[in-house]
Structure formats: C-alpha cells, structure tokens
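By written order: A, B, C and D. Residues from 1 in each chain.
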Amino acid sequence: MVIIVETGADEETIERLIDKVSALGFTPHPIYGVEKTVIAVIGEKTQEKIEVLETMPGVERIVPILQPYKLAGREVQPQTTVIEVGEGVLVGGERVVMMGGPCAVESYEQFLNIARYVKQSGAQMLRGGIFKPRTSPHDFQGLHEEGIPIAKAVKEEVGLPFITEVLDARNLEALHEVADVFQVGARNMQNFALLTELGKADRPVMIKRGMSATVDELLQAAEYVIVEGNDDVMLCERGIRTFETQTRNTLDISAVIALKRLSHLPVIVDPSHASGRDWMVPALSKAAVAAGADGLLVETHWHPQEALVDGAQSLTPLEFANLMTSLRAFCEAAGRSL
Amino acid sequence: MVIIVETGADEETIERLIDKVSALGFTPHPIYGVEKTVIAVIGEKTQEKIEVLETMPGVERIVPILQPYKLAGREVQPQTTVIEVGEGVLVGGERVVMMGGPCAVESYEQFLNIARYVKQSGAQMLRGGIFKPRTSPHDFQGLHEEGIPIAKAVKEEVGLPFITEVLDARNLEALHEVADVFQVGARNMQNFALLTELGKADRPVMIKRGMSATVDELLQAAEYVIVEGNDDVMLCERGIRTFETQTRNTLDISAVIALKRLSHLPVIVDPSHASGRDWMVPALSKAAVAAGADGLLVETHWHPQEALVDGAQSLTPLEFANLMTSLRAFCEAAGRSL
Amino acid sequence: MVIIVETGADEETIERLIDKVSALGFTPHPIYGVEKTVIAVIGEKTQEKIEVLETMPGVERIVPILQPYKLAGREVQPQTTVIEVGEGVLVGGERVVMMGGPCAVESYEQFLNIARYVKQSGAQMLRGGIFKPRTSPHDFQGLHEEGIPIAKAVKEEVGLPFITEVLDARNLEALHEVADVFQVGARNMQNFALLTELGKADRPVMIKRGMSATVDELLQAAEYVIVEGNDDVMLCERGIRTFETQTRNTLDISAVIALKRLSHLPVIVDPSHASGRDWMVPALSKAAVAAGADGLLVETHWHPQEALVDGAQSLTPLEFANLMTSLRAFCEAAGRSL
Amino acid sequence: MVIIVETGADEETIERLIDKVSALGFTPHPIYGVEKTVIAVIGEKTQEKIEVLETMPGVERIVPILQPYKLAGREVQPQTTVIEVGEGVLVGGERVVMMGGPCAVESYEQFLNIARYVKQSGAQMLRGGIFKPRTSPHDFQGLHEEGIPIAKAVKEEVGLPFITEVLDARNLEALHEVADVFQVGARNMQNFALLTELGKADRPVMIKRGMSATVDELLQAAEYVIVEGNDDVMLCERGIRTFETQTRNTLDISAVIALKRLSHLPVIVDPSHASGRDWMVPALSKAAVAAGADGLLVETHWHPQEALVDGAQSLTPLEFANLMTSLRAFCEAAGRSL
C-alpha cells in the first residue's frame, strides 16, 4: 500500500507513522517531496492493518496496490475456467451457452411446454425460479418445495441441465436433487453465510452482481465460495442501479469486459433483468456476445401476459427462437458458436 | 393503477386491453384523448396482475397509485410507533436515543472500557458487532460465538441495552440471550429469509437501508417483518452509493424526512458508516437530529488506531463525549432531549 | 396527464382541484376508487400548468403521459433521419460511420499523420478537438484559433469530413470554415444558449449525452436545436456517471437501443470517453454495433504516450486498423456495412 | 503522483518507465516489492504529463497525491473567505445568510409582494430568475431583458441585494446593473467559457454544483473563476442525481462538510431544488445549518399554485416566515445568528 501523508504534517508525526508501519510488520519506504510525503509499504497486508493505519494522525489516505481478491483473479490463473454443468455442457468454453426458461416454475404443464421449446430452439440449459425473492411480502414467491419435483420431471424429460436460485442455506439440501447450478441472486450477493455454504457444495454456483456492487466486490463474493473449496463459480452481470428510468436497471456492458480481463471465471449476462423490457432483450443479447460474454440467461414464457412474475421482460417462444437465429452471426463474428 | 396506452394503438387493441382488465376482476375506466388513451383501473391489485397487464399489446406503461407497503405506512397508523428496548429505553419518543460502542466486540476489556465511557457520556444503548459482514473472506469477521458471553457480561455490568447485527437465521437463538435489538445490515436488507425469521422473534429489529435501496424498498423490507407479527421495527439510514468519493457512502438526509412522513416507524441515522470519516460524524449527527431522526448509531473506540475493524470512522471516547455535549443544543432546537 | 389525489383528501378539496383543472383549460375526468381518486386530464399541456397543479392542496403527484419531446420523437417521423455530412457521407444509413482521430489537434504533422492512417483504415470521418473543455483551468485547452487552419489543411489533404467540439457560441463563426459537424460536449448538453445558436447553423450537430442526463433530457436537448430549424441532429452516448470505478464512466448500451426506438435521429457511440481505457475500446465498439449504433467516435493517436490529452483512452494506428478489421463481421451480422 | 506498475512487468519495462519519468522532468523513486513495484514521482506535475505516463506499457494506474485545485483550497488560505454582497451583507461570516424569493421574476407586482415579505421575515438577500434554464424549449424561460428593470425597481424598493442566474456571457452586461451576485446554474457548472468571463467580472459569483459533479470538480470550477482574478466565489450544494425517486435530487449534506474542510470559500445550500418538495424545505434547511452551511437559498412564492415555474418546491410567505422563526434555534446551536 501507499500512505499519503497530510500536507503540513510535522516531522514527529511522520516519524510516529513510520514506526507504526514497522511495528505492524511492514517495511516502510518514505519519500519526501516539497509539498507531499508518501510512504510506500512493502509486505503482506490485511484490511485490518490498513484500517489501523487509516486512523493514525497525519494520514490523509491509503492507496491499496494489490487487488483485494486472489483466487478469482487472472494473475493466479491465466487461462479461463471451463465449468462442466450436468453432463457435457461447458460454460466458459468456445460455445456461448444459452440458458432459457421462465422466471418462475408455475406448473408442470407451463414449465414442460416452455422447456421443450427452449431445447428445440437450441438452448443448452434450462432456468426457472422455485424460490423467488420479491420486494414485497404480499407478492407471489414461487412454488417452494412443491416446485422441486415439477422441475425435476421436466428437466429429465427434456434432458437439459437446470439452474435455479437458492435464497436460504436451509433449502440447499432440497434443491440439491434438482439444481445443476445454484444461482445466488443480486440481493444475496453479499449474504456471506449463504456464499460460505455454497463453497462447500459439490455443484457450480452462479453469482449475480448486486444492484450497486462494484466489479471488485463481485469478485470478492466469488472469493467467499472459492476459499471454501468450490472452484466452479460463474459471474453474472444483470444491470446496476442508476438514475436512468428507461430501463429497470442499467446493463453495465463494460463490466463484462473488465471481469473477463481481471478474472478467469466465466461471465454470463442476464439481459432480461437488466432491462426489464422484452423488446430490448435481443439487442442486449447481441451486445453481450460482442463484448465477450460466455453465456446468456434469458427469460421466456409461453404466454407472457399470463406469467405470474416478471412478464414484461420475458420473450415469447417465437421471440426466443428468433433470438437464437439472429444471435448466431454475432457468435461467429466473435469467433464462437452457439 | 393507471394504464397508459401506446400512441397509435387501434380500437381493437384497446378493446382487448379493457376486456383483460375486466377478466382480472377490475373495473376499467377508459379515457380517450386526442393523442393518448389512458385506462384507470379500480380494485385491489397485486404485483402479479400488474405484470400480466404490462405484457399486453398496446400497453406503454402502468403507473401504480397505491403505496406498495401497508403495515409500515402512516396512512394505516398516524401516530409514531414508540418501541421499548430493554427496560425503559424508548425509541421513537421525545428523547433522541444515542447508541454508542465499537464496530466489533474484540475482547472483554476493550468492550467494557468503551461501554463504561459511552454510558457515562449519556448514551442510552450499547452497540457492538459479534458477527461482522466483511466484503472479503480474508478479513476479520468478528468473534462469533465467543463474543456472546463477553457482550452479555459487559452489557449487564454497565446496564445498557445492546444492539448487534444478525447475519444468519441460524445464529438467532444464540444471539437471543444477549441482543435487545437485532440489527439487519445493509447487505441483508433484502435477505427475505432472514427478515421472515425476525418477524417471528420477540425482540425489536432495526433494518439498515441497502446501499442502493429506495425508501420504498426499505419500507417493504420492514413489511416482511411486520407481516409475521413483529411490530417493533426501526429503520436506519446509513448512506447510499453514489458517484461521490469524498465519503464512503452518501448520507441521504432527505430519506430521514421522507421516512418520517411516509411511515410511523422510528428512524435512526448511522453517520459513521454513511461517511466512513470520523471527522464528519459530529456534523452529520447534528444534521440528522435537525432533520428529525429519532436516534443515532455512532461508532466509538478506545484506541481507534488499534481497532480491528473500521477504525477510520470511529470516534475516540473524548470525541464521543464532546459530541454528546454539542448535540444537546440541537436536540433542544428540535424540541427534544438527549 | 393523470393527477393522483392524496389518500384521505375530502370532497371539497377534490372539487377545488377539478375546478382548477377546468380553469386551466383542460377537461377533467375524475375516477373515484375506494382507496384512491385519480383525475385524468385531457388537453394540450405545458410544464408550467403541470407545476401549478402540483402545488394544489390534495395533489399527491402528477404523472405526465405525453413524451416531453415532439420533434425528435419517432411518433412524428417513423423513418430514421439520414444526415449527409460533407459530400456523400451518410450518417443514419446502412453503413456504420467510423469517426477517428486524436482527442486534440496538436500540430499539422501530428494531425496529418494520424488522419492519413485513419482514412487508410477505412474511417469515413475525422475527429479532433480544437477547443477542449478541461476540468481544471491549469490543463491544456487545445490550440484554439491556431488549430483551425491546421485542421482545415489536413481535412482537405485527406479528403474526409471533420467533426469538432464547439464550447462557446462566439467561436461558431471561426469554426464554420472547418467543421462539417459541430459537436456539443457532455458538459454543455444543457447549455441552452449554445444549443439555440446551433439550431440556426447550417451544419449538422452531434449532441453528447451529459454525464447524468436521462435519455429524455438528451432528446429534449435535441429539441432545442430542431425547434430553431436545424433538423440534422445526431445523438451520442458516451457513458454515464455511476459508482463503478473500473471505467471512467459507464457506457449505457441500453440507451442506444432506447434512443433508436424513441427517436428518428441517428445514434453514435463514443467508447473512448465512455471507458477511458484503450483496451476496452474494441469490445465496446463491437457491442455498440451489435446494439444498433449508427456510428462510432474513436480516439486514435500516433504515439499515445506523447499525446497532450487523454492518451490513456486512445488507440494506436495499428490498434485502430485492427479494430476496423475485426468490426466488419459484427457490422455484417447486424445487416450493415462499415 | 505514485505510479503503480502492472504485476508481472519485466525489468526492461520498468526501466523504460523510470526513464520516461526522468525525461518528463520528474525525480522517480522506485520501490520494489515482492508482488508489486511502485514508483513515487516527485516534482510539479500537470494533467497532461500524467496522461502521457498513463499510456506507457507497464503502468497499471497512477494515483495523484496533490489536490487538483490550489486557489480554492484551505491549504493555501486557512481562514474562511468572507464576501461582502451589496452593502454590508457578509457571506461566510458569523451570520447565516438567508436568500429568499421566487424561482422566476414574473411581474413587478408579484416580485414586489414577495420581496417585501421576504425582507420583513428577516432574509438578507433576494433571489429571482430572469433568465431560466429549462429542460424543454417549449417551457417558460423567464422574462429575459424585460425582467431587468422590474428586478432593479423591486430590489431598490426593499433594499436587499439581489442574486440571479446568468446563462450566457452575452447577458452579463445587461445583468450587471441589477445583479449583486451572479449565479452559475448546475447545468453550467462546467461551462468554462462562462466561468472564465465571470472571473473577469467585479461581482461575487455563486457556483451551483452540477447534478453529477464531484466535490473536487466543483472546486475546480471555482478555480476557473479565481484564476482570472475574481476571488469572491461562493459554492452551492443543490442536490445530486441518484436512483432515489422520493426527491427530485438527493441533497448531499456530507458535501457541505467536505467543502467547508477542503476550501475557504463560503458554502450555500439550496433545499428547494435539492428536494423539489416544499414540505421538505424546512427540515433540510435546519440540517444544512447544523452541518455548517453559511447560507440558504430558498424559493418562496405568493401563490405557489399560480407560479409559472417550480411551484411544487416553493414555500408560501407564511411558511417562509415560520421557517425563519424555527431556524433561529438551530443557528444558535451552531454558534451563529440568522
């Protein structure tokens, strides 16, 4: 780290700072300028020690120079992680992985119909919420335990691996028999108790970026899972909260590019939640592939106007099939397949 | 709700929309203008039905007209809720409640020293983290179970009720013997599983606003607790995430005013986390009282430069005592005591 | 507009509201619900009249239902505007228009070298700042009047039309002899005096979105130019300000899609300023084309490490040529050429 | 500045970096760590040189250590600037300066009535827009030249100095005969041409913070005025743009505290524009005084429901008088008078 000393700090203050740095086990390298003094600090450091130094008299601010994540960073592992989901679906490889399905699993018939169509259109994975996080307690929260056998029957019938959200560590065991990937929602990105449990699971995990989480914080959330022993983590950009009201959230397309550069983990984009507008999903999907995304999570519904949740951002099966068709050329332009 | 029909929608589309509104059990009131048609919709509605309508052809957008919370709103209960904490401390009453203490409980000695000083300065409640949420898994996370007997001994010795954060429903039982108020952190504001459990607890709950949560969403989080039967909910403004980098977060002082108007629940302000700067805490505390806050949550530490967590935003005991003194005149100006 | 009446407003208050609506020349349509009353208001309205109504007792809020721009909207003109720049360069047509060049024109040699390379790589327009807006008065502000003959000589030599920023209406006359498009910078998006002058100019105008401007506000800025008689307006997305620090700004890719749907004006994307990172420019350019952008504004510099302004976001000539090559497949996937 | 070198940069790259630093006239101080190398750079630097270094191979990022403003900073001038406005009104002194009046000057009668009431209530300055910036060209823009004699007659009749916004340098001469303070609006905070002209004026200037401007950028805008020779600059916090929709903008109360610490210039708060809600203005005013503001800019209108602009955020004369009364105790608590 580099300690920037306050303008006008006297010699004694600077001396005491340097002593404190040494006492914490670091090697201080002070550089005295005309207007400013800085102290470069060499050695392994922790957040706590930085915070101790931050409160010392004479410290203007401290600039960390090491990235706050290690296991998720490309510096440690240069090649992209390829995660096998179910049997043979590879996330992070040459092929862009399309994950389709409804926001919520509502009934066997509803889910089967849409799952068949999604498979037929060429998608490689099935999505569908069983436990749904809803802003208001008065809204539909998903089928809960009842949804599990339905989802299981459907995914086996169509033969696609299944990704679904886990809201509570207590549901992990029940979901274990149906989920091929555990999804952590944006609202739970910093639910560290949940992340730690998922680090002990034997299934891949997809972490959605929180609505106001930085790229660095998303990578540290991944760190919570990896540090427990589960290396199979995918990251998902799903829009951040800004002042703009044309869209529900603002898809941060640069984050896809930054994540691919900083980390070896595969990056998925969710254009449905990012925009909340069905008519925006195709163009956002194309942009995501162009920016380097490894997969897409797209909401689809048989009769969007009858969906119990998030109808406004779902594609009809026909729109989904059209998207698959039009996306191919962009995947090829990006040197990939779909 | 009011449905705003797309410009240029033909008669047939509008007819179908009106039929759908009726089919959902509402009474539609179409108003035809030269450029725009709107349909006012009377009747009890749910988020799901709104979402069904949002996907209908011809719908430009839907404007809800009822507030998305009921139990937390002042429309239902005009007088402010006064919550008794421990024995005799009233939150939401005439007296502004000061809650002081360290970010984390680190040892019996550390906590006792600071707790004594905090009490002596006139604070009514004690704060201190036992389970700490940290962005990185590599940082100090609090004493966990070991911290509980320490906190219990100290709070009994000084005779102040104690507020502490709960990260995981599985720790509720253990914390039950020491916590007089359960705190929900900003990162867990939409951890609905946790909120639901707290709704069943027999202790007051303080919910911190998420870093990018709207005032409406905070009130809906409170709704999750109240709907389960626990009416004793306090709201806490602790800064939102913006582009400004002078402070760790941006204290949204207007939110205090809005919450007091929209809701009957008491509102607490946390100037320490909002700013992340110890030198800002006194001025922000005064502003919070001037804006109508019912209480303050202020970090204090014996030797901030030795704190294991968040030293940079903690006051020394002397600074804390000075704050109490200088705050008095502002409480009086606001027609309250301290 | 729709007036949402406060819960609990009495009959008399509502009567007075209805009378006021009539007095302002509108036809009120009150709809009485159990919990809420709304008043739909038919007739041509202005912002002033809305604001008068907003202050009336009993008004909770007012929801406008007409878009605040008319001339820039697709409702008025369904087909996309195609703007001819210089001789034969069409912006808004089938071909994606690449605009390349340095941030600032620094000397004849510097600008000629880069201009030749840009032309050779297939770009259709030349960019370069003569008057530069800088956050600090102590920084390099461009060559000012001295830059005009240099830019003129270079653009004639290479035979490409030239776009440059105008900071002050007083420089319009001088810039008139060299600029084929007048650029309005993000900081001046709501400099209404400047927009009004540009509305009287006989040259196309490109307006960059302000760092915290909504899509609606950008369209209203365009309205200021069009209302004066100048129809040739291009819009430019160049990143908005958010909390994320990996990039200088956050490119709002959804805004490109929204602008193309709401307006008939061509949309340009500036990936260099949006990210402030040269290594992000190629991927962002591809995403912009995939999302439907009509053109790109890309900074290029012969020796970025010697540029006087914004070196960190400029491509070298070789990187620029590589971008042109790799972009072609994405333009084709989007059904366009480059 | 401190240059943070990319992890894995080889010796040759680092050598070349060090040479470049020397070539630019600086003294480089490299510090080699196990994982990271940093180069501290001593010497006077400019933004351009920083940008040159930013593009050098091997540079991860550059951390500036000097504040980007000099003339506006407290380091140069420790005591707060006190500005005399008109005859005898001191901004930045012991007394909190209240500036009241309508958003726009609409007629002699309207302005005189409100001005008398504002004076009688104890305000020290009069405000009122003659040239109004409006988002849409279709809205009322103020009386323009016609408003000048009206404002002049009224301010002389009541005997209060007058502050009004200047939108365009071309109106400076005309406004010169009536304005005691020139106000720069939020939308023009980075209209550098205008700031430069105001730097040559012989009147105080008040600069409003842009909707997404940082505290640093506001101070650099002040720098543009001071560098031209005009030292009498006031800063105004008027709310920043965030995701929250309860208020028109979010008043950044911490910015008041930061500005008072970083700069010697007086700080004014505009609670009317910050919130856009008349009922919030009193509580925000009290909070602003508690946080250390030197003055308040409050909109007042005789009949807010007939105001042509911004009625929803204006106080009635009675509300204004009540605010003055209730504010006194908070000024006293802050050690000031009103």
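Please note the rule applied: contacts are C-beta pairs under 8 Å (C-beta built on N, C-alpha and C of every residue); 3 or more make two chains touch, one makes a residue touch a chain.
Bear in mind the structure is a predicted one, so any value in this text is a computation, not a measurement.
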Item to complete: Taking CA centroids for every chain, report which one is farthest away from chain C.
Response: B
Worksheet, complete the sentence: Between A-C and A-D, more C-beta pairs in contact link A-C
Discussion item. Roughly how far is chain C from chain D, centre to centre by C-alpha average, rounded to an integer in Å?
Written reply: 26
Fill in: chain A-chain D separation of Cα centroids, rounded to whole Å
38
Response to the item:
In whole angstrom, the CA-centroid distance of chain A from chain C equals 31
Worksheet, complete the sentence: Residues of chain A that touch two or more other chains sit at 212, 241-243
Fill in: In the complex, chain D residues that touch chain B
212, 214-216, 240, 242-247, 250-258, 261, 274-275, 279-280, 283-284, 286-292, 329-330, 332-334
Item to complete: Report the residues of chain B in contact with chain A in the complex, numbered from low to high.
Response: 20, 46-48, 51-56, 68-70, 133-141, 167-170, 187-188, 190-193, 196, 210-212, 217, 220, 223-224, 227, 240-241, 278, 304-312, 314
Discussion item. Using the touch definition from the top, list the residues of chain C that touch chain B in their complex.
Written reply: 2, 4, 7-8, 29, 31, 33-36, 38, 40, 42-43, 63, 65-66, 75, 241-243
